[in-house]
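The structure that follows is given in the form of structure tokens.
Chain nomenclature is as follows: A, B, C, D and E, assigned in order of appearance, with residue numbering initiated at 1 for each chain independently.
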Amino acid sequence: MTEVKSPEVPAPPAAVPSELTPGGRWGRVRPFLPLVALAVALTLPYSTLHLPGIFEGALNEPGTLQLLAVCMVFGGLAAGYDLLFGRTGMLSFGHALYFAAGVYGTDILVTKAGLPLWQAALFTITGGTILAALIGAVALRTVGIAFAMVTLAFAQVGAILVARDFGGLTGGEEGLPLDVSGVPEALVGVTNTVNLYWLALAYLVVVVFVVHRVSGSPTGRVLAGLRDDERRVGVLGLDPYRFKLVAFTLAGGLAAAGGVVYCLIVGGASPHITSSELTLSLLVMVVLGGPGTRWGPVLGGILYMYLDHRLVAFGASEAVDALPAFLSRPLSQPLFVLGAVFILAVYFFPGGLASLAPRLALLRGSLRIPSRGR
Amino acid sequence: MTEPVLSVADLSVRISGLHILQGVSFTVAPTGVTVLLGRNGVGKTTTLRAIVGLTPRAGEVHGTIRMGAQSLLARPTHRLVRGGLGYVPEDRCVFAGLTVAENLRLAERRGTTPAYDRVYALFPELDRRGRQRAGSLSGGQQQMLAIGRVLLNDNRLLLIDEPTKGLAPKVVTEVAEVLERVAESVPVLLVEQNLAVVRRLARDAVVLAAGKVAWTGDAQELLLETGLTKSLLGVGSAEVHH
Amino acid sequence: GSPQETASGGGDSAAPVKVGLVYSQSGALASYGKQYIEGFKAGLDFATKGTNKVGDRAVELTEVDDAGDPAKAVNAAKDLIGKGHKIIAGSTASGVALQVAPIAAQNKVLFISGPAATDGVTGANKYTFRSGRQSYQDVVTAKSFIGDPAGKKVVVFAQDGAFGDANEAAVKAVIGGAGATVSSVRAPASATEFTPFASQIKAAKPDLLFVAWAGTTAPAMWQTLDQQGVLTSTTVVTGLDIRASWPTFGAAGSKISFLSHYFDGATDNEATKAAKAKIPGGTLDLFHPDGFHAAQMVVRAIEEGGDDVEKMVTALEGWSFEGVKGQLTIRKEDHALLQPMFQAKLSGSGQAFTASAQKSLTGDETAPPVVAMKG
Amino acid sequence: MDTIILLTLTGLGLAALYFLVASGLSLVFGLADVLNFAHGLFLGVGAYATWWAAGNLPGAGGDGFGFVVAVAFGVLAGTLVAVLVELVLIRPLYSRTIEQVLVTVGLSLAGVALLQATWGADARTFPRPEWTRQVTNVLGANVPNGGLLLIVAAVLVLGAILTFLRWTRYGLVIRAGVENREMVTALGIDVRKAFTLVFAIGGAAAALAGALGSVYFGTVSPGQGGSLLIFAFIVVVIGGMGSVVGSAYAAVAVGLLQQFVNYYGTSGLGDICVVGLLAVVLLLRPQGIAGKVATA
Amino acid sequence: MLATRGLTWRIGEVAIVDSVYLDLAPGEFLGVIGPNGAGKTSLFNLITGLRRATEGRITLDGQDISALPPYKRARLGLGRTFQASSVFGSLSVRENVRLAVQAYRGGSMKLWRRAAADREVAAAADAALERVGLAHRGTALAGTLAHGEKRKLEIALLLAGEPRVMLLDEPMAGVSAEDVPELVQVIRSLTGDSGRSVLMVEHHMDVILELADRIAVMHHGALLACDTPETVMANPTVQEAYLGESL
């Protein structure tokens, strides 16, 4: 008998199991690529290289480092979100809430309560994790689109509370600048931007490591099973609710930690980050990169944020101004370009950025050995 | 022998890198049942789906598939079906959210009179359960609905994938009888694992193995020859005869 | 290279002076931003007498779009400071101004906030100035509509959030402090249907209704107030927004008393003439003065301070100058910009409203209370 | 008493607006299985096209019959854009829901930015018949006529959509296609046409909402669609995905709740209550109040 | 071992499963037959907890399990296969079975251990795959398996959990004739000596007759008969309602 399903969220496209990835020369190099990337990231602040068009100034300039730091936080955030979406198949529309909790929590504890940064960070991350656990405990009673909407609802309450500015805590639509007197000297000022860069890099590395570790663990295997068929997991003797709650809480905690870092980088909190659009952009980042893949979400997050910030400059550039009006007007709207990029991305690299590498490899293979049969 | 109603020549199907069918050729006679046999996973379903144009997006199809003078490749499924190619899929695919009557109504084709009496005569259950949602039907009932759906119209050829799977013996017999009667007027290309049913219905047989055609010929002959059944289907003819 | 190294800010007396303008070119406040930059360029032209040079040194503008997002503005500010800019101006949105101000203080560069009206910018820190008006000045202007407030009943209708809070607090302080009873009706900024709020206001039967509402839902709000008869039953005061929004008042337009930061025709002096001559279209609007004044302040800062930010600050503190709005003074204690404000009336209807000045208040009359400098 | 009448009728007006947006969303969401974040764009297109037509299209205008022509033009434009979006962008992506999300999110960003690039970020006055600016006195309450117009339109749209789904063959095809597109094709039906139709209907309803909503608000601005969309989504979910009747009930519940709580409670509480209602409904009945998928 | 007492499931007025009393002795193999729609799958759903019974009780070793969620019942040794194959489509065949083994070996949260490093799990999974003859398909994605292969994988998942009571819902459906004897062999080997009990729905009468100790016949939700194969086959009602004229 066919079960009549409640409206289910379709599971995201599956990751190819590692056993299936093509071997060969590329396969041997691949495991080292992350290390190469890390090495590049570590040396970058010492380089005066100028990449015209890509960054405003030299690589070691504060503006560039700041932009990269923001990008990396979102890379980590997307990787954490993917733990929910790509690896467990839970479509949450409220993930921005935990990130916002991280940002506002740190900001309020430092600025309003006058706590030293490390204490504020500790309280915030703990609080964000508990918040995620509590909301998850309620929201996970539903599945599919219903789950997405319940999480959205909670996030919306968060957004309303921030906007209401109870007791002047959040600063409402004006946001709350961080009072840096409680923050270590090394994290304040333009000349210290590089330290924020290290912090963001550390956050990214930690998230990526945690996500890899967890998804490669026995629990990660269960999460992958949940993504495909929850009922089946139950019949195998595992409690789906418990596992989903763990994933939800963990992802929430990671997001809150990201919030702490972001608060320091931007030097304050603003209500932009409580909007449902942020969750939606997290989803876009993950899909752009390739859900459930190792590097896809990270790349997606970095690319998204990069575009989000840089397109503003692109829109104002002379090259665009020189175009005829019917082209330059829309092109000078950053959101137009960003939206167009999403759409093109779907058609030109389905499966996300992460699927590019294997496909390039395939392409190269087929060029070398024309139409080899099996 | 008269012109075949369907001829498949050198059909190859690749799905995401796997070469599932590798040059399959066979024909379907204009009358009676042609049965497609083979073990699990050889590509029987893939063959039927390639014929009706339902190969998944990641798949490539090469070769020729013709119905009379007309090539079927590259024509959209709904055109093929409107042109008289009925398809009953392996997993029934009834519309769970629609009622039984709505499922049938959906199968009506424009410009022809649907033969409800024929369907209800074969499956009175469908008439009785007209207002039940198809998703709550039992497996067997769903199969009846799936077959009933194509019988509503007059077809030039029916493709039926494992119609007796999961049916009670009594219903298997009934379905076999129905198919037998259907086959009197329309040629059928049938995939079937139940050799008793094959024995009762089939005129010609095509046996697939490892993505290729291993044997074609008279079905009854195949089932009679213990050696052949053993080597091709892996069963002794005793089992064929129960 | 090393990460701690930043470009040095010149010192060469003939090198151009780099000024960074971070404001909204896109996003919801794009049209405010557009007026600001037009005003700025006109002001620069005026203050440098058409040379765009202060002494021998050219003023080199770098414009960056923040799209109204504080995070982007902070990025841009850090980038500019890293590249050796000593002067940052702009900030169309209050959120942006509040977040950029601390950056200026941390890095000891001059920051001149633009149209952002939040009172929080005043007294934010030693390096932060403002070239526009602040909410408090709006409210003081509103007070001038009711004569003697003692014993009167005043209702504030404002949206939730900091903007509404600030207005409510200011009304309580200014008008309530003068003897009126002040109550408030607040609505979510996202509200689309205003009947419940209009009913509440009507039930309160105020002598004066002060409306602080910004955003695209404003026209619907005015229409509802009009339909429920609020506008005819009491004196309604609100801030006059940019010209493009006037037609959206519809029938309500002529029934409202406006306080105005600026509108075309409010003043007529040398700066006004220069501004009108330079601005595309020749019609001044709400935020042109903010840009114009910012440019005047920038030129003053460079003239007196050269590359030394501390000197720039000293040069601006207490400086008094003639701008588009008339005589303006930068108060030394908290960098509040004391400036004239206007009472205005809209007449005509449909697409063709014209504004006329009823009264103008001097900078001293509208001066906000002095706040302690925070940083 | 008249306060209650006023709040009820204006609440219903709000509900009607939500319903007009939600009905299209619900159809596309529940039946074509597309989470259409670009729905707000159709709304914007409808509103701007009506606005443009009233000023530029011969025969159209801001009042009387001319206004009807303008609204018809707006609805047509919205429908056309919806059809184009379906044909060009969504069609290649059926059954790839997540990519659809990406495309529709992209579209909503790009579309709103495009409207803004063309007509500016600021609100524009919307042409509308004098009658809609007036109020009607119902038992002592001054009810805005724009709201009444919305209510009438919503009831008509509800009736039309129900008739379509229940009694036409296309309705059947659409409901079946949601479950299994492939099988619908295998029954000899060109399912793509049906989905285009769903988008056309959704686009038309949204465009109508855009035009009449702008009449109600008095202005049109690029972001208008987006802010209504979140409540429309809530309405769709409370009502049960794909159930138009459910959406109608949910819209009424949400509209009235918001209106009354905003009056009797403190500000912002109305929104929180709506969100709370959503959470409660979903926790008690995860499938929404109408309960079933793909019912008319 | 497993017993149902007056187990009933109603939807509205209709009883889909109607007051079923069943007793399954340790080591017993009970075949369940019945016309399509008789309520066999529904009975399984009630026993495994995917549906809540409207009336009646289910006990396992005397313990009342009627109110337990599916996963707790599974922990107590209740395993099942599904009539419509339900495997983890995006995992490889091997990962599917490893997941099942891991679930059986104690599903407590292990977030930090490397799953691939657990050799015992891997070995047990490979053994289960070997047993159903799917070892050569280990790396294929389960979603791309042909129908018959999925049936085998279902059984491998069941095997991995080493359940004490197994509920098999039409394991032979769609399995090619060649593989039927092999699968019968697998199922037999699962039961033989281990004291495991089996409840199996199957329409292949020869398979049922070959394996079952007793046969239960369901009809319109009720238990029509439950007896030795010979008696059941001789029962005229069964003949008429279920078997019909054999081909």
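Going forward, a residue touches a chain if its C-beta (ideal position, glycine included) is under 8 Å from a C-beta of that chain, and two chains touch if they have at least 3 such contacts.
A quick note: this is a predicted structure, and the numbers were derived from the prediction, not measured.
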| item | value |
| --- | --- |
| Intersection of the contact lists for chain A and chain C | D |
| Chain whose average C-alpha position is farthest from chain E's own | C |
| Chain whose mean Cα position lies farthest from chain B | C |
| Pair with more cross-chain C-beta pairs in contact, given A-D and B-D | A-D |
| Whole-Å separation of chain centres (CA-atom averages), chain A against chain E | 42 |
| Centre distance in Å when chain D and chain E are each reduced to the mean of their C-alpha atoms | 48 |
| Centre-of-Cα separation between chain E and chain C, whole angstrom | 74 |
| Per-residue multi-chain contacts in chain E, two or more chains | 41, 83-84 |
| Multi-chain contact residues (two or more partners), chain C | 26, 160, 188 |
| For chain D, residues that touch 2 or more chains besides their own | 113, 116, 268, 271, 293 |
| Chain C - residues contacting chain D, complex | 26-31, 160, 185-188, 190-193, 195-197, 199-200, 216-220, 223-224, 227-229, 242, 244-245, 247-248, 250-251, 351 |
| List of chain A residues in touch with chain C within their complex | 45-48, 56-58, 60-67, 70, 160, 163-165, 168, 171-180, 188-194, 197, 266-268, 270-272, 309, 312-313, 315-316, 332-335 |
| Chain D residues touching chain A - in the complex, by the definition given at the top | 30, 37, 89, 92-93, 95-99, 101-103, 105-114, 116-118, 230, 233-234, 237, 241-242, 268, 271-272, 275-276, 278-279, 282-283, 286-288, 293 |
| Chain C - residues contacting chain A, complex | 1-7, 25-26, 63-67, 69-72, 74-76, 78-83, 94-95, 98-99, 101-103, 106-107, 118, 120, 160-165, 188-189 |
| Residues of chain A touching chain D in the complex | 4, 6-7, 9-10, 12-13, 138, 141-146, 149-150, 152-154, 156-157, 160, 163-164, 276, 280-281, 283-284, 287-288, 291, 329-330, 332-343, 345-347, 350 |
